[in-house]
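Here you go, one structure.
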Amino acid sequence: MKKLINDPLDIVRESLEGMAAAHPDLIKVNLDPAFIYRADAPVTGKVAIISGGGSGHEPLHTGYVGKGMLDAACPGEIFTSPTPDQMLGATHKVDGGAGILYIVKNYSGDVMNFEMAMELARSEDIRILSILIDDDVAVKNSLYTQGRRGVGTTLLAEKICGAAAEQGYSLKDISHLCRRVNINGRSMGMALTSCTTPAKGTPTFEIGEQEIEMGIGIHGEPGQKRMTLKSVDEITEMMALSIIEDLSYRRTVREWDEDKSEWQEVELINPPFQKGDRLLALVNSMGGTPLAELYIVYRKLAEICQKQGLQIVRNLIGPYVTSLDMQGCSITLLKLDDEMIRLWDAPVNTLSLRWGL
Amino acid sequence: MLEQNKDYLTDLDAAIGDADHGLNMDRGFKKVMKQLPQVSDQDIGGILKAVSMTLISSVGGASGPLYGSWFLRASSVVSGKQELDEEDMLHLMEAGLDGVIGRGKAQLGDKTMVDVLNPAVDAFGRAVVSGKDMLEAMEQAVNAAEQAMKDTKSMQAKKGRASYLGDRSLGHQDPGATSCYFMLKSLFKTLSCPDD
Amino acid sequence: MKKLINDPLDIVRESLEGMAAAHPDLIKVNLDPAFIYRADAPVTGKVAIISGGGSGHEPLHTGYVGKGMLDAACPGEIFTSPTPDQMLGATHKVDGGAGILYIVKNYSGDVMNFEMAMELARSEDIRILSILIDDDVAVKNSLYTQGRRGVGTTLLAEKICGAAAEQGYSLKDISHLCRRVNINGRSMGMALTSCTTPAKGTPTFEIGEQEIEMGIGIHGEPGQKRMTLKSVDEITEMMALSIIEDLSYRRTVREWDEDKSEWQEVELINPPFQKGDRLLALVNSMGGTPLAELYIVYRKLAEICQKQGLQIVRNLIGPYVTSLDMQGCSITLLKLDDEMIRLWDAPVNTLSLRWGL
Amino acid sequence: MLEQNKDYLTDLDAAIGDADHGLNMDRGFKKVMKQLPQVSDQDIGGILKAVSMTLISSVGGASGPLYGSWFLRASSVVSGKQELDEEDMLHLMEAGLDGVIGRGKAQLGDKTMVDVLNPAVDAFGRAVVSGKDMLEAMEQAVNAAEQAMKDTKSMQAKKGRASYLGDRSLGHQDPGATSCYFMLKSLFKTLSCPDD
């Protein structure tokens, strides 16, 4: 394994130190417990939005802290959920008095650590809601699994909810909006190569020179199925169709009921895409795939959507949710409504997503 | 023991997870080892609670909250004790298991830590009921844990990261179940001969 | 070789088609001859800035077309300079009547193809000047080589000159500014792995698991020297010091003399960095290196600059000038003055560099 | 011939350049082959000029302008001709070489195409002066080109991409020199037996 690192155990800290040195105008970094927060936090009267998860997916989440997006991000060790004290520390730092939303990717580790953080914060009377992102259609059912993983839709939810918070939405409204983004977003990923976690030092899985892994998550874990290498047009078609033809995913999730002050099991159903729907398309690199290849994916994706009567009205193409050095890509399609479009277009100024500012 | 098996656990996790379990456990338990001297004057409940807090804030991942919950609940039933008899140990293990299930909602057969913790409690309980002493009961619990750990190979994962693999998780031993076996083994060692 | 492509020979075209489909509001694409230009071109009365070069370095140059930066970019085949008809076509499309500046990276192919384009355009009485970017300190002398390669400074020159053009600078002033950026910018790159050009299908060079290549260019060509793998702190120090300690590079370049209507040999000398200088630091990924690692590079670079009495007042960290899927990074340091800072900060709206708009 | 040697040229370029020379030449000369039927009614000057334009707009890289310049200048000295005698051919080759040098500014020994084109012209000229006929002179030119191509191995590059390698370019044959040898060989074939 060759990487631009010193000790594998210092990567997360040293990388945070680099961010702190590079962008003092935008963000501040707390090293122990580790979290990044807006330089101007807390923003009084604004709902604060916090996310986090294992490191190795940069720019998710640390690159999305700033005006119009996240108030704080909690990076765990590489591919390891952050610990409750990180979320609690971030919560204290960005609490502007209008409540806090945790945006949590649906992995058992993330869910449990964020839940523990919420329990701790609530015992201090801090108002917190959380929304799970579970958009990965490669995971077919939720009965026999942990449920779908949270992938590309996460960053879309962070952007849209961040804009809503900036515009003065209430905590309750933002949490509903976040849930709406989640159930309208679907993703599918694939890998040409595995990634190499620095601590292990060898690729997480072996894969042949003529093989690809479809339905991969973002942790270098093996995917849904192994197949022989195909052209990008075929790969794009397989991914796009698994998303578009994914009908009504149904699962129960735990959400906090503020009135009853307890966890509730809530059933959520994804509405299917329909002809005429307006979409945001995210074509995402897993890290090692060149930008030019992503545009070839987009080319085919646009053609498929058009054929299906779906209109891509916004897009984002690049390395946004990565798995270290993995080569491969993912597609996320999010069904938009007017409100989401307006919030998507709102100004944002973070290290890795910026417009209008 | 965890340190020696760090790579082994990580390799198990690479096969059906994300290749970090060994590192997570090693990071957490190294911190615990560092901290133990500072809390050695406390009762067993206090020590276990301190261990819990350290694990919660340093392991992360799925295993952090789960191990943390095991120790937290375990600590709550032995608070104030300086020594544990067979009964205490049984309660401790039962409480720990409850903690893990309460946090992770896994059922028996889901190919998780629970599949080791549960049979270990059972074996310990049976041994105590049949009049075995602490060391014998522990031995049986560890033996049961070892067998149960191996049995996770033939299970299909329904919780955690490995569940995404569907039937491709078959044939692989669960990393969390494996670390539980190591943990039980060394915990028993520590608790039974605290001066080692 | 596994890549997200159809036929290796179609990559450039299909990628351009994807860009055209994705960003019709920002850019337009001409397929034959291939070039990308601002959607609102020509901007009457504004100097137009055109760059180009082999593909495989994305986002350079195609990702930098738009308001405040390039008017057009001409992508060649992968790692192959574009042909004169591309530059001529782009020139016709963006000529706003105030003259044209070609920003050319110093490779024999780029130089010759741009020169031919200029000869053709001048025969049509179009006013064109060109500036060579030759900032790669890995190339020590210019007597026994083609001279230094153009690497990271290119995009800094494109941004700064693009802002100047937007603000109404004259062609002559922009060309002087561009030259000033060039002689004040220095770069050094290194690779952990080779890249794989799609047509060849195997890595351009072999490199061992414990080896790195220092002083690499951006075409997957072998570098200055091979050495054993080192920590990122050591690597960063080697790169930073080769830049900082590079004293007064001296070479003659051909520049067009508008008064005499002929090529002139001009001698250029890079002023050395001095204590107190204000710098822009670009920490650039060669493509396959994760963002988190770049921040570790930046962390050390900031420390070194501080020790040397150099102030980094602006920075840019990410994959900006890449070599396909190569893992590795480069550092560019540009000595800034007030005017350059003002122009750097000016709004820009391109696919891959955007702020203030 | 270039198509068959595409990978060979690219491999040579990978060693001291950027691994595209074979592809560049193949792309250009394939276009030329496609276009030739349309210009076959023109005189040799016209054909060479058309070839030049096609190469300039399709090869790219360093070799595109250089080959383009070779053909452009070569065409200028044989315009109007339907056939070439030994004299014409010598002028053609001299002009082509001038074109390449004018564009690329390489000197003999810089490890470039010039190191093949120059000795080929010399050999051709010597042969013509000593009364050899077209075919014999061509054979000598091609032989000289072949030797010169091999001789680039021991040169250190001073122009083009390979120059960045310093003395690491030693021991490798120059890709552009190699394609020049192929080009001369097939050009002579075509020009001497135009009906093949």
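Letters A, B, C and D mark the chains as written, and numbering starts fresh at 1 in each.
Assume contacts are C-beta pairs under 8 Å (C-beta built on N, C-alpha and C of every residue); 3 or more make two chains touch, one makes a residue touch a chain.
Small disclaimer: the values here were computed from a predicted structure and weren't measured.
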| item | value |
| --- | --- |
| Both-way neighbours, i.e. chains that touch subunit D and touch subunit C | none |
| Computed distance of Cα centres, subunit D from subunit B, in Å | 74 |
| For subunit B paired with subunit C, centre-to-centre distance based on mean C-alpha positions, whole Å | 55 |
| Whole-Å gap between the CA centroids of subunit A and subunit C | 32 |
| Per-residue multi-chain contacts in subunit D, two or more chains | none |
| Chain contact graph, described as a line, ring, star, complete graph or other shape | line |
| Every chain pair in contact, whichever chains are involved | A-B, A-C, C-D |
| Residues of subunit B defined as touching subunit A within the complex | 7, 10-11, 14, 16-20, 23-24, 27, 56-66, 68, 103-104, 156, 158-161, 163-166, 168 |
| Contact set on subunit A toward subunit B in their complex | 9, 33, 54, 76-85, 107-109, 112-113, 115-116, 138-139, 144-146, 149, 197, 199-200, 204-205, 217, 219-222, 224 |
| Contact set on subunit A toward subunit C in their complex | 1-6, 11-12, 14-19, 21-22, 55-56, 58-59, 63, 192-193, 209-210, 212, 229, 231-233, 235, 287-299, 302, 315, 317-319, 322, 324-325, 327-329, 349, 352, 354-357 |
